[in-house]
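Below: the structure, in structure tokens.
Residue numbering begins at 1 within each chain, and the chains themselves are lettered A, B, C, D and E in the order written.
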Amino acid sequence: ALLPATGASAQGKLKEVLSRGKLVVGTGSTNPPWHFRNEKGELVGFDIEIAKIVAQGLFDDPNKIEFVNQASDARIPNIVTGKVDIACQFVTVTAARAQQVAFTVPYYREGVSLMLVAGGPYADYAAMKAAGSKVTVSVLQNVFAEKMVKDALPEAKVDQFESVDLMYQALNSGRAQAAATDSSSLRYYMKQNAGRYVDSGYSWNPQTYSCIVKQGDPDWLNFVNVALRESMTGTTFPVYKAAYERWFGETPPEPKIGFPQEFR
Amino acid sequence: MEYSLHFGAVWASFDKLLSGLAIGLGLAVVAVAIGTVLGLLAAFASVGPYRLLRWAAAFYVSLIRNLPLLVLVLLAYFALPQAGITLDKYQSFAGALALYSGAYLTEVFRAGLISVPKGVIEAARAIGLTRLQTNVSVVAPIMLRNALPSLGNTFIGMFKDSSIAAAIAVPELTFEARKINVDTFRVIETWTVASGLYIAACVVIAALLRGLERRFPKF
Amino acid sequence: MQAFLDQLWIARWPLWEGLLLTIGSAAGSILFGTLLGVIVGVQLAYAPWWLRLPFRIYVDIMRGTPVLVLILAAYYIPAVAGLSLGPTQAGILALTLFAGAHIGELIRGSLQAIQPGQAEAGRSIGLTFPQLLAYVLLPQAVRSALPPWINTGVELIKGSSLLSIIGVGELLLKTQEVIGRNFMTIQFYVFAGILYLAINIALDQLGKAVERRVGQH
Amino acid sequence: MSDKQHPLLAIRGLKKQFGATEVLKGVDLDLNKGDVVSIIGSSGSGKTTLLRCVNLLEEYQGGEIALDGETIGYRSGDGRRRRLSDRELSRQRAMTGMVFQSFNLFPHLTAAGNVMLGLRKVLKLPKAEARAIAENWLARVGLAARADHYPSQLSGGQQQRVAIARALAMNPKLVLLDEVTSALDPELVQEVLNTVKGIADDGATLLIVTHEMRFARDVSSRVVFMEQGRIAEDGPPAQIFGAPKNARLAEFLRTTRH
Amino acid sequence: MSDKQHPLLAIRGLKKQFGATEVLKGVDLDLNKGDVVSIIGSSGSGKTTLLRCVNLLEEYQGGEIALDGETIGYRSGDGRRRRLSDRELSRQRAMTGMVFQSFNLFPHLTAAGNVMLGLRKVLKLPKAEARAIAENWLARVGLAARADHYPSQLSGGQQQRVAIARALAMNPKLVLLDEVTSALDPELVQEVLNTVKGIADDGATLLIVTHEMRFARDVSSRVVFMEQGRIAEDGPPAQIFGAPKNARLAEFLRTTRH
């Protein structure tokens, strides 16, 4: 069944956004270090900085943004139905999703890690693997979640939760012996709760994060790509670098001068 | 550009949705069964002669009925282990829903009890039935007949509330639907099918309950 | 405990905003839902079957669908049809449709519980049907519908917690944002539960007070 | 039956059925201004139904009712008869007043509020004037002191008198009374009957269904005996009670106490 | 009053108050086996309350009731009187049968089920035997064909006859009847009165509250007139109705129709 298109302006998204004077960005508010509210109630995190890079490119002002709060399962529908101009919410790039939305260039590559309670029954990845089906792992709800855990721990039981805090809570209340999720999130959490948790020392399942926009508007997609790529390789690199250091506690590799590395 | 509906991805996981529906129904049945016992006890307590029991029943009802079920479920799953009681996710959800439905059913049964004519109770005492026998043989059946329609509504409500179990990873219908969403992002299609299943189940339950009601003698 | 109180103090304004939005969206939807419900109830009670049928279907679909699903539908389906609603508007629309069905059903019940003699007495002094409704039937229906109406209000307060799913910054989402930052899961859920309890008990008491005032005769 | 050209109420060949059962099988009845007519008859003979047809609370299948020369309830044209609109029916209903067996007072309004509702909404009188008329009528039925009481605060007899005031305050051309005392305790019956008698003496036109034979005899200018959906006998009280011609009427009077 | 040493029912100085108002002010009454005693008196004089005290449905503040020599309702020791336990009260209640003005049939049980409940739960009879007794009693009140009907499917008179069968099937020493016809339509009164008369003729001991004077006269071996919580006159029907000594009784009989 065909339904009428929405919000598609005749002159294209780029002109629409420019004439509106602000960028509408879809993201979440409960997942540090990606997107969450700080103690002042402001939306902060790496995804937020990425959105600000785009706004800076549009208006020369990183703050001309209206954030639309959305749950994970609202990311693609909100793009498809035109509720937001762009979504930056740790969207994992997959070919299936690329059939429905357009992915921008990636801005981070993630892996999955296992976090354990310090001094708990299992010391590291090897001990857990040996324990077989006695281990329960808590993860975020996802169709791939079960398979992802089984790739690392083939016999473990899997419990899925709809938010990160519940996933961690399962670990704290002894419902699960390990939590498996994005390495970046785990690292951030362990830093906030120093000494209480340990990393299992095993990471796997690489995945790429991009922003998403609506299909069928090459000018808009190109604009966002330019803005993001130049922040990782060109004139605006210091902004990207500052955000990276702030949220991941590491320094990203400097772009090499000379032959552009993306064509190497 | 157009948004076109594709149900293919949803049909591919239809068996998951069906098993989710069955789990939701099963949880609702168990919870309402336990809740019925709780509700009966609390309802008789609330019209009985003992002030302390009346007070306890009123407290139970107003505490539980005014809390969002989600909070109860989260507490049963995450806080009870800290008190040394560890139930699995099915048990703790069924327990929370039982507690919740018990509070609603208390009100249903209490209304039913109040509608039992006083004269009928006296007639039972007059032929020599004890208080307990009167409650069991005379009051309870009349009350149940009066309460049957509301009982059905409560059951349907509890079945719908089983969707909250998704929060603690019980794989019922809503949980499965949201999983499909995360995968395919076919939100409209998924919810159309899921809500169709909910409505169909509710219609069937309502029809069964009406049938049950008809089979009860009219009085 | 001290750590919790510190965090609570830091989060006081967001939580306060969330509380206001919870109350506001529930109040808005009970207001619109009541207007809708009166129309629905009158149709269900008095309309000929062909006019009654669409209202019956509306009520049965709303009552058979979890509120969560209604909320998602209200957020996305108008957007697909070319009408983009903000999350708060969509949320209030969903809760209004839900409340309209429930209130419609209870207004129908109350109208039908009025003895037929009342309508006949009203007609025999020459009232037209709209006048009969306005001055004789609805005032009596409203009185007996008041306690379940308050219950619907309580359900809406609880149902508004589901608006967090489409990103409405009501109490539960604000609570989850705080938990997302400091991971004090149980403490803040219990705290939110107490707030919900307080609102609902206040609403309950309000209902009882109103009932006492209007229920005298 | 009537000796005037233009009776106030003229019922001609009235037929009414509920589903398949015919309840009124062709009733003819005339009332002139100032008449007080009582209808008596056994249970189920159609007395209430007749009154309800006159007050347009029931649809009827055949015959015609004319009030003060105006045909009411239906309009006929091109060979078909059609029920009038809600608005038209309401206007015509306001020309008759009806008092019901079960009072049917509006429980959410005071005694005065009950009487004022029609005055304000139907006759569109200003509030002060409606209030004055209501108080006047409540005084005439002996309830001046109860104007601001709610129905639940009044005895059955008082409630019925409020209902009478409510009907009469609209200044109807004709008042219909359906067993106005049969839901009352015996002690309260007399106060209501006295009120009705007072109204009759004041010259109102009344059509009364009653089981109180003594009352029918005292108050009526004419008595009508109904039997199985028809008028079986019609005459002055002295004839009906003293020398009934119809065998069933004689039988009815014998089995009725009082 | 009684001419035997050991009356079946002996009420001595019975006092009962509701809150501050004294409703029974010292009632003495004896019944022998086979007596049929009617209590008459104006509304509010305490007749119903007296019956309810005898059936232990009300607590009372003074006096004593003995049934077949056993003091019922209370136990006294070391100067204090204490209400008996629920179980004891139930056992004693089973010795009397009571028929209520408003029938009070169990709506969820058939006619036979109503009669059988006490037989099964109180007398612990096996099902088949209880059923046989129930059918026998239903036949005696003329309802053999209605054993499997629910109360809602029976007329008022039939319901009241089931209630009578329910009370009598327990084989009580004494049957209490409280205005058993006053909730019935006039046509149905006679069938119930005939049933009671049949039972009286079969030798049951009955204590009857009634407003049907003709019936009281026909059926009773003694009539008791109550006035303001006391027994004002007690004697054979001929004396009570023919030559009342008490002035209030004379007045009462004059104002009562029939």
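To be clear about the criterion, a contact is a pair of C-beta atoms (placed from the backbone, for glycine too) under 8 Å apart; a residue touches a chain by one contact, two chains touch by 3 or more.
Nothing here was measured: the structure is a model prediction, and the numbers come from that model.
The minimum number of touch steps separating chain D from chain E is 3. In terms of the stated touch criterion, the partners common to chain A and chain E are B, listed by label. Look past chain C and you find the other chains held together by touch in these sets: A, B, E | D. Centroid analysis (C-alpha atoms only) places E farthest from chain C.
Distance from chain A peaks, on a Cα-centroid basis, for E. Chain centres here are Cα averages; for chain B and chain C they lie 20 Å apart. Chain C and chain D have centres, each the mean of its CA atoms, that are 46 Å apart.
Computed centre separation for the pair chain B/chain D is 53 angstrom, with centres defined by C-alpha atoms. Taking each chain's centre as the average of its CA atoms, chain A and chain D sit 81 Å apart.
Looking at chain B, residues 3, 74, 78-79, 82, 187-188 sit in touch with two or more other chains. Of all residues in chain E, none touches two or more other chains. Annotation for chain A: residues 3-6, 74, 77, 81, 166, 169 touch two or more other chains.
Under the contact rule defined at the top, the touching pairs of chains are A-B, A-C, B-C, B-E, C-D. Chain B contributes residues 1-5, 74, 77-79, 81-82, 86, 89, 166-169, 175, 178-185, 187-188 to its touches with chain A in the complex.
Every residue of chain D that touches chain C in the complex is listed here, in rising order: 55-57, 86-87, 89-91, 93-98, 100, 102, 104-108, 117-118, 121-122, 150-153, 163, 166-167, 170.
Chain C contributes residues 60-61, 63-66, 68-69, 72-73, 76-77, 80, 154, 158, 161, 172, 185-186, 189-190, 192-193, 196-197, 200-201, 204 to its touches with chain B in the complex.
Across the interface of their complex, chain D is touched by residues 115, 117-118, 120-129, 131, 135-136, 139-140, 143, 216-217 of chain C.
The residues of chain A lying in touch with chain B in their complex are 1-6, 8, 72-77, 80-81, 96-97, 100, 141-144, 159-162, 166, 169-170, 173-175, 214-216.
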